[in-house]
Amino acid sequence: MAKVRRLVLDVMVPNIADVTKLAQDVADVKTVHGANILVSEIDKEVINLKVIVEGDNLKINEIEKVIAQHGGTIHSVDNVVAGKEIVEDVETPQD
Amino acid sequence: MAKVRRLVLDVMVPNIADVTKLAQDVADVKTVHGANILVSEIDKEVINLKVIVEGDNLKINEIEKVIAQHGGTIHSVDNVVAGKEIVEDVETPQD
Amino acid sequence: MAKVRRLVLDVMVPNIADVTKLAQDVADVKTVHGANILVSEIDKEVINLKVIVEGDNLKINEIEKVIAQHGGTIHSVDNVVAGKEIVEDVETPQD
Amino acid sequence: MAKVRRLVLDVMVPNIADVTKLAQDVADVKTVHGANILVSEIDKEVINLKVIVEGDNLKINEIEKVIAQHGGTIHSVDNVVAGKEIVEDVETPQD
Amino acid sequence: MAKVRRLVLDVMVPNIADVTKLAQDVADVKTVHGANILVSEIDKEVINLKVIVEGDNLKINEIEKVIAQHGGTIHSVDNVVAGKEIVEDVETPQD
Amino acid sequence: MAKVRRLVLDVMVPNIADVTKLAQDVADVKTVHGANILVSEIDKEVINLKVIVEGDNLKINEIEKVIAQHGGTIHSVDNVVAGKEIVEDVETPQD
Amino acid sequence: MAKVRRLVLDVMVPNIADVTKLAQDVADVKTVHGANILVSEIDKEVINLKVIVEGDNLKINEIEKVIAQHGGTIHSVDNVVAGKEIVEDVETPQD
C-alpha cells in the first residue's frame, strides 16, 4: 500500500499542554522523520495547533495516540501526501 | 497519444470518508507516482477536496473509480498537464 | 522566421468537452512539447480555459484546429514568446 | 557605447494585428534573442501590448520599425537595461 | 528523545533591555547555533520580540533562563520543530 | 574607503529625454557595470524614473553629471549598498 | 561571546546628511562586511533610514558612533542576528 509521506493536522490541546514536548513525542514515533508544530490560536482553555509531520510511512493512529497522551484531539486532517514521490500543491484559478 | 502527467481534481466525498486512506488508494493506482489531497471545505455531510495527482500516464477513469469506492465524485477537472514535458502555468495580465 | 516557443490562449469550449482529452490532443500536435490546461470558469453551457502550450516551433493554426475539433474557439492570444531564447515577463511600475 | 540588453515597451496595435506574427518579427530583428508579448487590454479597435525584448545590443528604432509594419506604435518605454551586466530592479520603501 | 531544532518564541522584555546583548546571550546557550530577534512592538514600558532560535538539541528552559536574566518572559511558544529532519510549514486552504 | 556597489536613484527628466540613451550613458560611466531604468510616472512635462545602478566603486557625482546632460536631476537617493559584500534588505515587522 | 552577524537599525539623520557617504562610513567600520541603507521617509528636516549591516562580529556602539558623526541617531534596533549560523525569520500564524 502507498506510503503516507506527509500529514497536516488541525489539533486541539488543553492550554496546559507542553507543545515542545508534544513536538518531540510526535517526532519520536518510529516512522516520523520530523514534526513542525505551529500555534494558530490560543484560547482560555485550549490551544489550536497546525501539526505538519513528514516521514516514510506515517500511521495516523500512532500520531493520534501521542496527541491523545497530551490530552489533545485531531480536529481534521487538512493535507495528506502519499506515494512514491512527494507531490506538491499547484495553484489553479479555482482556489 | 500524449501522456497525462498531472491532474488537479475538485472532489466531494461523504463526511465519513477516510481521506488518508483515499490518498493511499489514489497513489496505489498503477500509473500514479504520488497524490496530494488538500481539504478545502468541511460541511455537515460532505468534504470538498482538492486532489493533485502526478504520474507518467494518468487515466482519469482509474482515479475516478478509486474515488467512487470511497463514496466520492469528481466535481470538476481543474488542471490537466499532458505531453513530453511538464508545462507550468505562467501569469498574464488577463488572469 | 523566429520560432514560437510558448502560447497562452484564452479558450472557450462547450460544457460537454473532455478537457483531459483536449490537453492530450493539443500535446499531440507535432511541434508541441507539453500543454497545461487550467479551467478558469465553468458556466451552464461553456467552460473557459487558460491553455499554456510550449514547444519548439508552435503553429497557432494547428493548435486552433485541435481546439475546433473539440467544439472550442480561441477568444484571445494572451501571451506569445518567440525567439532563440525564452524571455520571461519582468514587473514594471506601469503594470 | 553601452549595449542595451532589455527593453520593455508599452505598444498599441490595431485590433486586427496578428500578435503571434508580431512576436516572431520582433524576435527576427538581428540583435534580438527573444521576445515576450503580453496582451494587457483588448478594446474595440486597438490592443495594448506589453512587449519584453532581450538581446545583446538592442536598437529601439529597429524594433519600432517592425511594430510600425504591423500598424502599431510605441506608447512608452517602461524599462531599459543597459551595460556589461544585467541589473535587476530592487524593491525600496519609496516604490 | 527527538531533538528540538527550532523554536519561535513570543517574548516580552522591559523597555530598558539590551536586545543585542539578549541575542548574543541566547546564541551563547550551548545547544544554540544561532538566534534571530525581531522587534515586533515597542511600548512605553515593554518591547515585544519574536525570537527565532535554531540548534541541535534546544532546551527551552535554558533559553527561558537567559530571557529571565534580561527581565523578560516567554508569552507563547509559536513554533516548535523537532526530529531528525527539519520539516517546514506547508500552506493549506485551512490556513 | 568602502566601495559603493549599488545606488537606487529617484530621477526626474524632461519629457523629451531619451531614456534608452540615458541608460546607455549611465552604463558607460567607468565604474558602472550596468544600469536599469524604470519609468515610474509620465507627466506632461517630466518623466519620473527609478534608476538602479550597480558597479564596483560607484561615484554618485559622475552619474549625476550624466543625468544632468540629459536635463535631469536626482530627487533622492533611495538605496545605497556599500562594502566588501552586497548586503540585501531583510523584512522586519517594523517595515 | 556569540558574534553579532546582522543588525537592522531604524535611524534618523538630518536632511542635509550625505546618505551615500554614511553607507560608506558604516561599511568602513572594521567588523562590517557591507551596509545597505534604504530611505524610508523624507521629511522637511530629517530623513528616516533603514540601515542593514552585516559582518562577523558587529559592535553596535561603533556603528552608532559613525551615525552620530553624520548627526544621526538610532531610533530602534529592529533585528539582531547572532551566533555561529545565520538564522532567518520564519513565518508563523502569530505574525
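When the chains are written out, they are named A, B, C, D, E, F and G in that same order, and each has its own residue count from 1.
Note that in this section a contact is a pair of C-beta atoms (placed from the backbone, for glycine too) under 8 Å apart; a residue touches a chain by one contact, two chains touch by 3 or more.
None of the values given here were measured: they were computed from a predicted structure.
*Asks:* How many degrees of rotation bring the Cα atoms of subunit A onto the matching Cα atoms of subunit E, given to the nearest 5?
*Replies:* Nearest-5 rotation angle for the superposition: 50 degrees.
*Asks:* Using mean CA coordinates as chain centres, what's the subunit A-subunit F distance in Å?
*Replies:* Here subunit A and subunit F have centroids separated by 49 Å.
*Asks:* Round to the nearest whole Å and give the separation of the Cα centres of subunit B and subunit C.
*Replies:* That gives a centre separation of 22 Å.
*Asks:* So which bits of subunit F are touching at least two other chains?
*Replies:* In subunit F, residues 38-39, 50, 76, 78-79, 89, 92-95 touch at least two other chains, as defined above.
*Asks:* Treating touching as the only link between chains, describe the layout with one word: line, ring, star, complete or other.
*Replies:* Here the contact pattern is something else, fitting no line, ring, star or complete shape.
*Asks:* Which pairs of chains touch one another in this structure?
*Replies:* A-B, A-C, A-E, A-G, B-C, B-D, B-E, C-D, C-F, D-F, D-G, E-F, E-G, F-G
*Asks:* So in the complex, the part of subunit D that touches subunit C is made up of which residues?
*Replies:* Residue positions touching the partner: 6, 8, 10, 19-20, 22-28, 32-39, 42, 50, 52-54, 76, 78-79, 89, 95.
*Asks:* Name, in rising order, each residue of subunit D that touches subunit B in their complex.
*Replies:* Its residues touching subunit B are 38-41, 50.
*Asks:* Which residues of subunit F touch subunit E in their complex?
*Replies:* Checking each residue of subunit F against subunit E gives 92-94.
*Asks:* Hey, which residues of subunit G end up touching subunit E in the complex?
*Replies:* Listed in rising order, the residues of subunit G that touch subunit E are 1-5, 7, 60, 76-95.
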